[in-house]
Every structure is written in structure tokens, then in C-alpha cells.
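Both complexes below contain chain A, partnered by chain B and then by chain C.
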Partner chain A sequence: MKNKIIKILSNRVFFLLILLVVVMIVMSIISPYFLNVNSLITMARFGAVLALVGLGQSLVILAGGAGIDLSVGSMISLAGVMFGFMVNAGMNVWLAAALTVLVGGILGSVNGITVALWGLPPLIGTLGTMYAYGALALVMTNGVPLSGFPESFSFLANGKVFGLPSQIILVVLPAFLILFFIMQKTNFGRWIYLVGVNENAAQFSGIQVKRVRFVLYVISGILAGLGAIIMSSWLMAARPDTGSGMDMRSITVAVLGGIDIYGGVGNLVGTILAVIIVTMIATGLQLANINTIWQLAVLGVILLGAVSLNQVFVSKTK
Partner chain B sequence: MEKSSLLKIENISKSFGGVQALDNVSLEIKKGEVHAIVGENGAGKSTLMKIIAGALQPDSGRLEFEGNSVEFEGPRDASQIGIAIVYQEPIFFRELSVVENIYLGEEIRQNRGTLDWNSMTTGASEAVKKMGLPVDIIHKTMSELMLGTQQLVLIARSIHKKAKLLILDEPTAILSQAETEILFNTIKTLKEQGVSILYISHRLEEIFQIADRITVLRDGKKVEDFAIDEASEDKLVLSMTGRNFSFDLKKELKDNNKTPILEVEHLSRAGVYQDISFSIKPGEILGFYGLVGAGRSEVMQAVYGELPSDSGAIKYKEQAIHPHNSLDAIEKGIIYVPEDRRHYGLFLIRAIQDNLSAGILRRISNRIGVINGHKELEKVQDQMQSLKIKAGSIFAPVSSLSGGNQQKVVLGRSLMLNPDLLILDEPTHGIDVATKNEIHKLIYALAEKNIAIILISSELPEVLALADNILVMHEGSMTGYLPRGKADEETILRLALGLHDKKKTAVV
Partner chain C sequence: MNKSSRVRPYIPKPSRREYFTIIILVIEIIIFSIVSKNFLSANNLETVLRNSTDLAVVSIGMTMVMVLGGIDISVGSALGVVAIFVGWMLQREFNPVLIGFVAVLLGTIIGVFNGFLVTKAKIPAIIATLGISNILRAAIFGMLGGSWLTGLPQVFTLFTKGHILGLPAPVILLSIFYFIFWVFLTYIPAGRHIYAVGNSAEASTLSGISATRTQIVAFGLLGSLVGFSALIYVGRLASVEITVGNDLAMASIAAVVVGGTSVKGGKGSVIGTLAGVLFIAIMKNGIVLLGIPSLWEKAVVGVLIILSVVVDLVFTQRSERQKREQLSKQRMAI
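Coming up: the complex of A and B.
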């Protein structure tokens, strides 16, 4: 019996599910407003962008080779600013949105070229684009937010589909399902794991390691582009600092979700659970009127505590 | 003269998750004795070594060292009483110097607490000198040394620690002939000084050269032990496998008038290999013999598109090709099976199925890349059956298999790609005799099916038994190309050692 419990807790997904329940209970005790439909919907809206870039980050880390994408926040900001300019130039907002996704992919492909194809260390390559993209977004706008989005566009971040937040139903859920399907059912998904576990063996088996990793940086950019569109709809403005902090938070949810920082181990369900947990903690503490500075501290402690505790259970099963 | 006992192992058992790795094993090592342990992969040799070295704790049984009962909580405990181990895949710090590696964790300090470099330099010089290595290497980093030299440095480190028992796990696997000689001389000297050696090797000839006693393990049990003068190769093989089989399977030599499938002309890469030319016909087995570091793998990886070449031409199926990556080569029907299976072959934590199907995913997926699960399962099961891979479940991680079965998985992955030209780099390196024999038979069978096979091997008997033609390399140059009929061990070895003797060499 005891062994069974340890085994369950050593599985990251089950561990996160239990952690989720614990967080929900604790937050409901702290704040009476926590468990009601409205705050749950707000939380879902709040976590949407983090879910998107967290998924991208997870894929990049999974494929190993010290893969990491520090530029996701700056990509959100820069893609958002481009989006704002396109809309202000009179372009149809939905066409502009489609182009913004493309912009995200192009920004991501720069990481793919420098890191995956040229072999720059991912930490350095994406740190470079993080600064470059972030600065470019500020320069293009002089630091002033761009407004001028049509009223109807607000629907994406504030509307509902089937009674549920539209950005979840229209963007996050489809993105997750597509990526989950790719990971489970396609050769590309299998390659991601194989490359992450042993890139040499993958290479000798005819798997194009560089190309797999290149595509993942592009996907990370595309997801950041989607995030930029949702943020613009949420704020009804394109701010040059929209994505700040997203880089570290996306890494947080990936590792909390059980993606091995060295690659090859983990799955996207864990990442999504981690996004829900992180978002609930942030919202719950907000509702309980706890200072934002403390929110970050709590997040840090939960990350350290959860990962360490899970490790303890994992090592007990060995 | 009866020597006194150094280490007694009594009724040691150890299991890993239901697999009994060691079952009630007892043995005794005397002072100044070279004690060899032999057995197929999975026989429990490594587990036994690790228990003696304190890296694993037995489930039951006891150890007695110099008459005292001992219990190790970790490798440090064993090392403190004088047990040193050099693993098959040695662990050291690549970017630290030889001196630093020799004194790692046991640095000599001055009274102030700073490091006493003078004493350490002197000590390290002595240590490497004893191993017949040049003294000037001690300030080089390990990464600057050749593989064999690294291994000798690590053995020097253990000797320098004044070990009473030195455990060597397949020490000669990466050593050249000359380095092996140095090692054997050192072992003899140590023996005279009363140091005991526990020696694990697959190479029976070596064991007959140096061992005093041989213990045979099979399936975690001790089968027999022999004093060296009671043992013979046949007896050992019988004891290790529990069955009789012959070593002298030889491929039938047939006339082969087919057009060559691969022609390599004047292939060169500065500093690695020069002017390599050869051709191979379908159904032919071409042996590539040479000592470790002769450049054989590098030539083959150039054919496979994984390493560049500077000049020369590669013709495949009568057309010039310039493969620039392995996928390119695979699509053409050229498959290279790399040597070091842990680093270049296996996805250790992934399922056996994933390891087998890794190469064919593209071929069993539809246009948008969705893998046909039924097809995958079917192909994997077929391959497991035809190679007789023994596994509980195809979903178990490949790391749970024995070394021989792991090697079969790597081979199976390549065969599933239906190669026309198969390049095998040391396919039987470090695997048990029974699996080795199976792989030899497989190689014949593939040649019968008209597959051209290039066999890179450092084992002369293997090359002589299998190959139709033998190409010999020495330090990047081709020193001979002989049909098997004209080849004998001595000629080939001389060519591989670079001892040119034109009269003896039948270069065709």
C-alpha cells in the first residue's frame, strides 16, 4: 500500500493533480471568492498566454541539446507591436492576426537558425534575441502602447464560446490538442523524444536532429505570436512590454510540469497542469489581497518544494 | 607455497527488481593472485565487481578482507582499505591534467592548506613511468590523450593509491597491442609486489596469458573455478555457455562476378586518413582490420555522410555520390551501425519498440506523419523474432536488456531499413560469446541475401573467419588489401602494426 502511494506520487502528472487539489483547498480557505464560476473563468483567461508559451518552451526543452527559449516574452511583445502597426495601417484585424502568427514563426526561425543550425548555445542565442526583440519593440513604439483595435476584436480575450472563455476554446485548446496529437501519434513527435534522449543515436538512425530542433524554435515563435494576439485583445492595445516575464514563467511551468531540463523526458499534460496550478496560486493570492511581491516568492517556494518532493518519491521507487 | 587470503566473498546475492543478478556467489582471492572472472554478458560480473568496490550493496552474504569482516556503505569505504577499480567506461575529468586526475580527491596539502604541487608532480611522474608512459604527459589534460593512454593513466592512478586489490573491468577493450603489453608487464610487477588483481575480460587469450585462477559465472551463479593449468579455452566456453559450440564457422568462399556496389577512390582527410581505395560487391564481406585509432570508423562515416572528407571519390551503384548526412545515405540503402552502442546506438530510457523503429518511422507514416501503429508493432515483432531478441515486453526500456540483446536491437534497427550496403563497426565488441556467435551467423545470412557488408573489427579471428577480403589500415593509411585465402594472422597483424614487409604482403 505504502509502495503504491509512493509510486503514484513519483509519477509527475498524478503528483501535479494532487498538488492541484491541495492548492484549490488552500486557496478556498484563504479567499472565499476563489471557488466560483466567475473567478475560474477569469483564471482561465489569465493563464491562456502562459499555456501557449509554456507548451512551446516544453517542446524546445524536450528536444535536448540544452535547448531553451529565453526570447518567448520578447517575441510576444514584438509580434504584438507588429500586429498593432498592421491594424493601425488599416488592415483587417483577422488578416493582421494571421500575419502576426507568421511573424512569430519568423522570429522563432531566427532562434532556429542561430541555435539549431549554427550550433550557438541555446542560452546565448535566445538571450540575444530576447534583448534584440525586446529593444526593437520599444524602439518601434517609442515605448507608447498602440491602440486602435476595433471593438469587435475584444471578443477573443473577453468573449465566451459555449459559455467558456473564447481564447481557451478557440486558441489554447486547439493548440494543445494539435501538439498533443503530434507528440503521441506522429513521427515528428517521436523524433523529439529520441533526439532529446540521445542526439548521436538519433543522427545515426537518420533522424535530422538539427531540423527537428529548428522546427521546435519556429513552433515556439508561432505560439508566442498567438499569445501576442490574445494579449492585444485582452488589453485592446499593443504594449511593447506585453511579454515581459513570460520567458521565466514559461520555463517555470515546463519544469514544474515535469519536462526534464536535460531533455527527453516529460509530456505536455504536465505542463498544462503546471500552468493551472501557477495561475491559481497567482489569482488566489491576488484575491486574498496579498502583495504581488509575495506572490513571486510563493511561486518560487512551490516550484522548489514540488520538484524536490517529487524527486524524493522518484528516488524511493528506485 | 600456499598464499594467504586477501578477500573472501561468501554467499553474496543481489537482485534488481525481480532479476536475480547474483545468486549465492562465493569466491576467494589470494594475495598476489591474478584472478580472472569470465562469463557472458548478464552473467553478473559487473554486479559482483561493483559490490566488491562498494558501489553496490549486496542483499545478503558477507565480505572478508584480510581476515576481517567488512561492510561498505559506498566506494570510499572500499577505497580506504585498499580496493581500487577501473571501470570499463572510465570516469575521469577530461579538462583536468593528468596530475590532477591522479590525485583527485586525495590531493597532497602543505601545512598552510594549499596544494603541494611539487610532491604531486613527483608522485604523478613516478606513477606514469611505472605504466611505461612518457613523463611529459602529466601536465597535459586528459582530453589531449588517446583513449588507450587515458585508460593507462587511470590504472596508474589506482596503482599509485597503493591498492591491495585492483579490479580491472575489460581493461584492454580500448588498448592497442602495445599498450596491452605494457599493462600485462605492469600486472606481473604488481603481482610480485603482492597486489591482487581481479581481471574481467571477454578475451580468453589474454586471460590465459596473465591469470592464475579463473572463475566462471553464468546467470548470476558461480559455475566453476579453475587453476590456470587445469583450464582450456574449450572448457571455459563450455562452462560459460553451458553448451558446446564451434568457433570455426567459416564463410564459404565463392566466386563473385558481380559489379561492385561501392567503389571508394583515393579518399583522404588531412591528419585522419590518406588515399583509401577499395571496392565491395554485393554479397561480399569486406573486413576492415586495424588497431584502435587507425581511422577505419572515420573512413566509413565519410561514406555514411556523417564526417567530411577532403578529397577522393565515392561511387555507389556506379554513380558518384556525395552523401551529406546519414538520412541521405540511408535513403540510398547504405547503413552504418556505429561502435559505441551506449553513446551512438541506443535510446536507453526508451522502449525496445521505439529503439527498433527509430529508423523506419518515415516509412511507416502517412503523408502528414502519423505513424501506423499496427505496422510499427508488426515490424518490430518480426525483427525481434528473427533476431531472437529476448525481452519481457517490447515496451520495457531497452536499458533492461543484456548487452548482447542491446546490440541486437541496434542491428535490428538497421536491418529494418533494408540495406544494400551494411557497415558494421565492431558489431561484437564487448558482448558474450553466445550472442557473438549468433551475430556472426547473421552476418553470413545477410551476405547470402546479397547484402554487401563492411565489417570493421579489431578481432583478428573474427575478420579471418568472416571476411572474403581484408583491408588493413595503420595510422590512417591503407597498408594492405588481401583476399582471405592469402591472409594469415601474422601477416595482417604486421600490416596493422605498420611493419612493412613488402615481400610478405600480397597487395592486390
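Coming up: the complex of A and C.
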């Protein structure tokens, strides 16, 4: 019986589901406004960008080799600024959005080249681009937000599709489903795990390890580009510091979601559950009028608690 | 027993990588002194040093942790928390020696706690210190409560603005710190163990070195240095803002990496780190002197980080190839 409980708890998805229920109960006790449709919709809107970059971060970490992408926040900022410039130059908003996704991919491919192809340590390579992209976004705008987006563009972050937040239905859900399908059903998805578990074995079985990792950095960039568009629609402005803090938060949700920092273990469902938990805590505390600063502390405690608990469970099941 | 039979300790020599960093530092200084007249003035150089004293001190500790293959993202938030305590004690006019003691102690406690999380709870260093960083950052907001500590008594000003024996205080301070830790890492067993564990935790354990204790010591020392840097910070600015230490962790990691420490552990030295700190500090200063908007600062630093590691990679790949060629030659001879 005891073994069974440990086994269930050591399954990260179950663990997160239980945590989710606990958080929901605690939050609805703290704030009576927590469990109603409106605040749930706001919450979903709030978590959209974090979900996107969290997924990208998860993939990069999953493929092992100390993979990490510190530049996601700066990529959001820079891609957003590019988007702002394109729209201000008179380009159609939706065309500009499509190009912004491409920009994200290009920014990500720089990480892919330096880290995956040249073999720079990921921590350093992406720290470099984090600095470079962030500074570039500031330089291009002189630190002033770009605005002047057409009203219709607001639909993406503030509108509804089938009564649900449009950014979730139109962007986050499709992105998640596509990635989930790739992870579960395609060869490429299996390669990611194999590369993460044992890159030598992967190499010997004919998998292009470098190429797999390269693609994942590009995907992380593309997702950051999508995040930049949603952020621009949400704020109706392109701020050069939109993405600040996203790097650490995306790592937090990936790790909380059960992605092993050494690669090879984890599941995108876990990441999404972690995003939901983190977003619930953030909005819940806001609704309860508790200073948002405490989210950081709560997040830190949950992160440390979840990872060390996991270590305990893993060592017990072994 | 005659003298020669005693085992002489191996003294690591500065590597090619360190010489390289020092050479590009010298080239940088030459270029800036040609391009800008103000660069080589005593006043300007003193400013450069003064503004990076705390970074330089923290980077010593970061070097040790990174030689162990670890990392500490929480140094900025830790410095902030300690700086607030220092500010409070200054406002209540505590004895400066006592304040200094408490600051270093607080820093050490945070560092040792990080060390425990990494070794005992077995949480990867980047995650553990990220979590602690979040908690401490929240503590900073909570402790400051929206208002800054300003106009603090200038008790620790000596560390950055003072002069000792006619030399700027930062020069003396950094010389002492870097010398002590160079000796520690080169000659003292506890310091040398850091390299051993960084190279191979398993081999070290088998030869009787406790990897756990070494890691806790390194994180603890980093914490002490962070605590001391909080004194320098308060002395330099006479205030504590809400953004205190926001960029410290990344800046220090950058300096250590530019200085030639490998993120994979086992390689690196405080001398290289000092060169890395100075290189980045002088680059920032040069950017300002040349009249380039300071917004470019971080872009340049970012590119520098990548370049320095690319150079490092080229070096190691070449030396590995040479080793392989030597090996195959030896085989041919046999």
C-alpha cells in the first residue's frame, strides 16, 4: 500500500494534478472570486505566453547536453520590437505577425548554431544572446514602447473564440497539440528523448544529435515569436522589456513540470500543468490582494519543494 | 629520509587560456588609450575599479563554484538581502565591525544553505539557486516595502572611495582578496580539492576527498564573499534600491567565463577571473568614453561572452587534436 502511494506520487503528472487541486482549494478559500468563469478566463489569458515559452524551454532541456535557453525573454522582447516596427512601417498586422514568427525562428537558430552546432555550453551561448537580444531591443526603440496597432489586432489577446480566450484556442492549444503529437507519435519526438537520455547511443544509432538540438532551439525561438505577438496584442504596444523575467519563469515551469534538468525525462503535459499551477497562484494572490511580489517566494518554495520531493520519491522507487 | 623523497605538491601553472585573457585585456587597454584621451587618466581608471569592486569580489566565489561544475544564480538577491540588513544596522548606528561580521555571517548562511540544497537534497545547482533567488528577491521587496534605503551613513565608503598608502582602496582590497584566494586554491588542500572534485567527483571520493564537504565549503565561501560585497555595495552607493543586485549573477558568470573558467568544471582560476572582470569593466567604460549609447553595453558584453567561449573551444579542440596526433605517433614508433 505504502509503495503504491509512493509510486503514484512519483508520477509527476499525478503529483501535479494533486498540487493543482490543493492550490485551487487554497486559493478559493483565500479569495471568493477565484472560482468563477471570468477569473478563470483571465487566468488563461495570463498564462498563455508562459505556456508557449515553457514548452520551448522544456524541449530544449529534454534533449540533454545541459541544454537550456536563457534567451527566451530577450527573444520575446526583440521579436516584439521587430513586430512593432513592421506594423508602424505600414505592414498588414497579420502579415507582420507571420514574419515575427519567422524572426523568432531566426533568433532561435543563432542559439542553435552556437550551442548545438559549434558546441558552446548552452548556459553561456544563450546567456550571450540573452544580453545581445535584450540590448538590441532597447537600442532599436531607445527604450520607448512602440504603439499604434490597429484596433482589430486586440482580438488576439482580448477576444473570444467559442466563448474561450482566443489566444488559447488559436495559438497555445494548437502549438501544444502539434508539439505533443510530435513528441508522442513521430520519430523526431522519440529522437529527442533518446538524445536526452544518452547522446552517444543516439549518435551510434544514426541520429543526428546536433541537428535535433538545433531544431529544438529554433522551435524555442518560434514559440518566443508567437509569445511576442500575443504580448503585443495584450498590451497593444511593443515594449522592449516585455520578456524580462520570462527566462527564469520558463525554466521554473519546465522543472516544476517534471522535465529532468539533465535531459531525457519529462513530458509536455507536466509543463502545461505547471504553467496552470503557477498562473493560478499568481492570479489567486492578486485577487486576494496579496502583493504580487509574494508569488516569487511561493514559486521558489514550490520549485524547491517539488524537485526535492521528486528526488526522495525517485530514490525510494529505486 | 632525505629531502628529495618527499612528495612535492603539484603546482598548477597558468594555462594558455589565462594568458590569452590577459593578452586581450592588454590589447584592449592599448586600443582604448589610443582612441580616448581620458581613458588612461588615474581618475577614470579609479572609477572603473570602484564600480566593479563588488563584482570582482563576488566573482572569486563564483569561480570556485563554477570550477566545481556548479553555478549560483542567487548571488544578486543574496547581496540585496544582506545589503538591506547592513543598511538597517547603519541607520541604528551599530558598531561597523559588528555590522561587517553580521553581513559576512548572513552571506555565509545563505551560501551554506545553497550548498546543502545542492549536495544533500541533490537539487541541481541551477534550480536550487534559482529557487532561493526567487525567495530572496521576494524578501527584498518585503523588507524594503516599496521605499528605498537612502542617505545611509558613509561608514563603509573607505572600501571603494578611500585611499590607503596613496593607492585607491579597491586596488589594495582586490589585491588582498585575490592573493588570499589564489593561495587558497593553489597551495591549501581544501582549495585544491575544489579542482579535484570539479574534475571528477568520483575519483576524488575514491581518494578520500569528500565531494559533499568541498561543495558546501565552496558555496559557503561564495556566500561570505557576497556578504562582504554587500558592505562594498552600501559603501559605494550609500543606498539600497529595490533593484539591488539584479544583474550581479549574470555579470559575474559572464566575467568568470570570459576569464577562462569552464562551465563544465575542473578548469579555471581567480587570476583569469580578475582579467575577465577587468576586461568587461573596461569595455563598458570604453563604450561610454567613445560616446556610444550605453544601451549597447549589454549587446557588446553578450557578444564578448560568446566570442571568448568560441576561442576557448578552438583552443581545446586544437590541443586535443595535438594530443591525439602525439598518441598516434607514439603508437607508430612502437
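Keep this in mind: the second predicted complex is superposed on the first by the 318 of 318 C-alpha atoms of A that agree within 3 Å, B and C clash if a C-alpha of one lies under 4 Å from a C-alpha of the other, contacts with A are read in each partner's own complex, and residues count from 1 in each chain.
What we mean here is this: contacts are C-beta pairs under 8 Å (C-beta built on N, C-alpha and C of every residue); 3 or more make two chains touch, one makes a residue touch a chain.
In this text the structure is predicted, and so the values were computed from the model without any measurement.
Chemist: After aligning the two structures on chain A, examine chain B and chain C and state clash or fit.
Modeler: clash
Chemist: So, does A:164 touch the first partner chain B, the second partner chain C, both, or neither?
Modeler: After superposing on A, A:164 lies clear of both chain B and chain C.
Chemist: When the two structures are overlaid on chain A, which partner does A:68 contact: first (chain B), second (chain C), both, or neither?
Modeler: In the superposed model, A:68 contacts chain C only, not chain B.
Chemist: Looking at A:198 after the superposition, I want to know if it touches chain B, chain C, both of them or none. Which is it: first, second, both, neither?
Modeler: Only chain B; A:198 stays clear of chain C.
Chemist: Give one of first, second, both or neither to describe whether A:129 is in contact with chain B, with chain C, with both, or with none.
Modeler: A:129 sits against chain C, while chain B stays out of touch.
Chemist: Mind telling me which of the two, chain B or chain C, contacts the most residues of chain A?
Modeler: It is C that touches the greater number of chain A residues.
Chemist: Answer with first, second, both or neither: which of chain B and chain C does A:186 touch in the superposed model?
Modeler: first
Chemist: Could you look at A:206 and tell me whether it touches chain B, chain C, both or neither (first, second, both, neither)?
Modeler: Only chain B is touched by A:206; chain C is not.
Chemist: Identify the residues of chain A that lie in both the chain B contact region and the chain C contact region.
Modeler: Looking at chain A, the two contact sets are disjoint.
Chemist: Report the residues of chain C in contact with chain A in the complex, numbered from low to high.
Modeler: The touching residues are 71, 73, 117, 121-124, 126-128, 130-135, 137-139, 141-142, 250, 253-254, 257, 262-264, 293, 295-306, 309-310, 313.
Chemist: Over in the complex, which chain A residues touch chain C? Could you list them?
Modeler: 66, 68, 114, 118-121, 123-125, 127-136, 138-139, 142-143, 248, 251-252, 255, 261-262, 291, 293-297, 299-301, 303-304, 307-308, 311
Chemist: Would you tell me which residues of chain B are touching chain A in their complex?
Modeler: Where chain B meets chain A, its residues are 306, 325-327, 330, 336, 338, 343-350, 354, 358-359, 361-362, 365, 368-371, 413, 417.
Chemist: Please output the residues of chain A touching chain B within their complex, sorted ascending.
Modeler: 182, 185-188, 190-191, 193-194, 197-198, 200-208, 264-265
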